[in-house]
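Each in structure tokens, the structures are laid out below.
Two complexes are shown next, each including subunit A; its partner changes from subunit B in the first to subunit C in the second.
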Partner chain A sequence: MKKLLEVFLGVLTAIGGFVDIGELVANSEAGARYGLALLWPVLLGLVVILLYAEMAGRIATLSQRPVFDLVRERMGERAALLNMLGSVAVNLLTMTAEIAGVALSIQLATDVSYLLLLPLIAFAVWLVVWRVKFSTLENVVGIAGLALFVFVVAIWKMHPDYHTLLSGATHPTVPHGEGHPTYFYWAIAVFGGTIMPYELFFFSSGAVEERWTRRDLSLNRVNVFFGFPVGAVVSIAIMTAAALVLRPAGISVGHLDQAALPVALQLGKVGFAFVLVGFFAALFGASLETVLSNGYVVSQYFGWSWGKLVSPRRAPRFHVVLLISVVAATALALTGIDPVKITEYSIVFSAVVLPLTYFPVLLVANDPTYVGDKTNSRLANALAVAMLIVVTVAGLAAIPLMIATKGGA
Partner chain B sequence: MTAQADHLIDAGLLLLDRQVVDCNERQVAKVDDLEIAFDADGRPYVIAILCGPGAYGPRLRGRIGRWVIAIWRRLHPAVDPEPARIPMTAVTKIDSAVHLSVPRTATAAIVLDRWAEEHIVARIPGAGKGEA
Partner chain C sequence: MAPVGGRYAAFPPARGGEPRCSVRRLRWCSTLLVATIGLGCVGPARNTTNYRLKARNSAKAAASAVATSQLAATLVRHDDAPWPYVAVVLDSAERDASSVESTFGSIQPPNPRSDHLRDALGHVLNDAVDTISKMRIAARRDARRELLDAAQNLPRVARELRAYQDLSA
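Up next is the complex of A and B:
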């Protein structure tokens, strides 16, 4: 029974953890602008994260080595240093956007300026990573994040023509007056929003710290192969809602409240309340995960002791990194920089740094010294190599497209 | 077959950049560099694991590497500092990590951890218990 509860909670957390500021911004914007013509990058991203999260979870379970141990060990100190700095930079941008997003969702409910709320929220985030028993909170936040299913309810209530929606998704076309480069820039943004690097760091480090054993391998599979796709349903619902409501009205998404608009229009105050709870929970959870990921990445690169389950004095340098990260992200957010723009940059740069992380994971998932007899199947390898090529192409194209399209304008 | 042949490994592949963990599976450091000696037949063997900025800097090479070394030398209390050293006699097993027979507190690799603990982390309320 206890086991069943654990599986259930794991899946719920995976669902709630899947959606964060990246999806809220990129999917709403893409839906408002292109309808469902950018659904395919969500699905592609889902396949990528399924494959690589399963591998990272399996490696962590069988060898107790989290992702950045593998990066350092397979790429050597120089290339891994570059990856570490890149990942930390992307993480910081993501963290800034998530913390600002939490503040914005409270602003929507209370009308208190988010800039005033930011220091409080940053302190709460730090306090949780410093002291609070983490697994409890992880579950609470994960379950509260399920409130975002209200997007699915809203779409169902709209009684849309599912046939048109489906054909829009399966026959993607670039609308008149929109250039192809902009379309592909947004494709990369949606793709990057689905596979942000911190997700892998957080997932594998958690598996190491909770001391998963061979028996937990099935738990790993269930969490990944069930939790993530259900999370993707929410992600797709956000895009669809924007496509159904914002696109016909000609509204483009420049603020977080516009992402909530479709639900508010369809379901009224109750729906809006659900959206706000969902935004708050998903973004607060993601803030914690991005902060911790920075600690994981730096500590694992240098070999320092790390962990959220040991007391701060037993992982002092890890906690120094967490503290600096929270302060830096808050300072950046307090400049009043547009959270939506920050999100766009962080998801596009996600695609740039990811290949350097995925490649070592793929190598080690085939190394018996780490995973024993549980090396990748041929099918998994073929898919993983194909997806690595996709991620690399997206990563190489991201910055040129960003410059050429002036950030998707 | 000599005695060493049983311990023949590709040090570059299996040792360098691996995680070092102590007898309680707690993280100690990375294998930043290796100290090599030669036996009577002139064959090289590893006698110690070197870690910390003093070992990491030289391997990084280039300007950043020189900076790491310069900062480390400047801040280190010793006049002519040596990198932290873990003798191979303390190593019990090498697999996905390098396992030690001693607790992390018994190694020289955690000096900077101690510094961060004493000067920063322990001063914040609720830092919990430290290590013995």
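Up next is the complex of A and C:
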């Protein structure tokens, strides 16, 4: 049982990373708009995150050094500063959206304005980050996040024509009336959402927090190769459900509530209850990941002592960064700014800082000084380089496409 | 690096000739920002074709809100979701439809010929907002019958909006 629970670091990272508010809405919108023609960015993103999370976990396990520590060491202080500022800004935007998303998920059940719920949610996030044990956090959120498999059940209950679905996924076409730039904007949004930088920071720092040792290398692989595909399955199911229910109705998805419609229509109140639990867990998990990531990134850049397991007295600056992050994100969310739009933009902006995060990981994973004899295989390197090129191209295209398509309108 | 002076002289120089570069960068960023914001704003339609395109997009966006409301009505009909959720869905749909209505209404028609299109589509959009509003009010009162009565108007509104979605440019 203990071994089984240990894989939940990967599940939590993946549920929070793959299924945050941006993905919930972006994948639903992608499904409603393009059917399964945007399945390939999810799969591409899965390959990228599998490769790089495994490397980051392996490096953290063998060297006891998390990703950002290495970013500074390998890229130099200036590039690392740029990366740190970019990552913190993107994290802050994402955190704003996630905390607002948790409040929105409660609004779905209560019809109480999410703005009124925000301070309570922010307090809960801070309290959990401060007081709750790392293992409790990952087990509870990871297990509750699995409630999102209700989307898979709903699809199964719809008895869709799987051949047509598969054909739409394997022969992606841009629908009539839609422009190619908009299609590629959404492709980057879906792709970027699966490989947000905070996932790597959180996963590798989590491995250090949990004091993984050389003996845990297989645990790292299980976490990565089980956890992230779980997130991808949920992500694809959300897209498919939208393609089956919302697309024929001509619905464009811009709100979290619309993402739950396919399940509620198919499975009634019980299905809806599962969706609520899943949304809450995924969004709460993403909030925790982004808050902690900010603490990790800033502390690791400045060389402060850090860690959720380290008491505030021994790592005061780390805990102050966490507190400031929560307060800043909540203040931004309280302005009433649309959380869905924020997260869409944060995904696009994150695509810009991604290469600066992924490149040093690739370098270090090949350096015996850090990983001993566990350097990358040739195949892993070939794939990782190819994926880094894809990530870089996506990063370069992200902002021009956002401007040209008016944010995918 | 070009010397600092002229109209840039008001900016205190720092680290050699960098201010000019900074000013240029600032201007470039400002232009980009204005362009970005401008792209997202609604301005006057340049010509009839442009206006008809905007009308078509507005109809499409409103049709999405109407379709969402229809699904909410289905949930209520089969008792498949709690009232608070139905109310939230309808509230979002209402805000979307209302935003489309006010945005379309604020577009300056390019010529008198376009006034007719403005009035006709404006009327349908208003009808859509009104219907969804009634449904939202009923949902917040847990009034099943009233909600379903109001929802009966949705297929007609959806049909009318569909006609505008097929509008040729």
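Just so we're on the same page, the second predicted complex is superposed on the first by the 391 of 409 C-alpha atoms of A that agree within 3 Å, B and C clash if a C-alpha of one lies under 4 Å from a C-alpha of the other, contacts with A are read in each partner's own complex, and residues count from 1 in each chain.
The rule is short, and it goes like this: a residue touches a chain if its C-beta (ideal position, glycine included) is under 8 Å from a C-beta of that chain, and two chains touch if they have at least 3 such contacts.
If you're wondering where the values come from, they're calculated on a predicted model, not measured in any experiment.
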Subunit C versus subunit B on the shared subunit A, clash or fit after superposition: fit
Chain touching more of subunit A, residue-wise (subunit B, subunit C): B
Touching partner for A:P400 - first (subunit B), second (subunit C), both, neither: neither
First, second, both or neither for A:H319, with subunit B first and subunit C second: first
Included angle at subunit A between vectors to subunit C and subunit B, based on C-alpha centres and rounded to the nearest 10 degrees: 120
First, second, both or neither for A:R78, with subunit B first and subunit C second: first
Touched partner set for A:P119, first subunit B, second subunit C, both or neither: neither
Subunit B versus subunit C as contact partner of A:S305, first or second or both or neither: first
CA minimum distance (subunit B, subunit C), superposed complexes, angstrom: 8
Common ground on subunit A, meaning residues reached by subunit C in one complex and by subunit B in the other: none
List of subunit A residues in touch with subunit C within their complex: 107-111, 245, 249-252, 254-255, 257-258, 260-261, 264-265, 268-269, 272, 403, 406-407
Sites on subunit B touched by subunit A in the complex: 14, 16-20, 25-30, 32, 51, 56, 59-61, 64, 95-97, 104, 110, 112-114, 116-117, 120-122, 124, 126-131
Subunit C residues touching subunit A - in the complex, by the definition given at the top: 32, 35-36, 39-40, 60-61, 63-64, 67-68, 70-71, 74-75, 78-85, 87-89, 92, 96, 140
Partner subunit B, residues of subunit A touching it in the complex: 63-65, 69, 72-73, 76-78, 80-81, 130-131, 299-306, 311-314, 316-317, 319-320, 323, 369-370
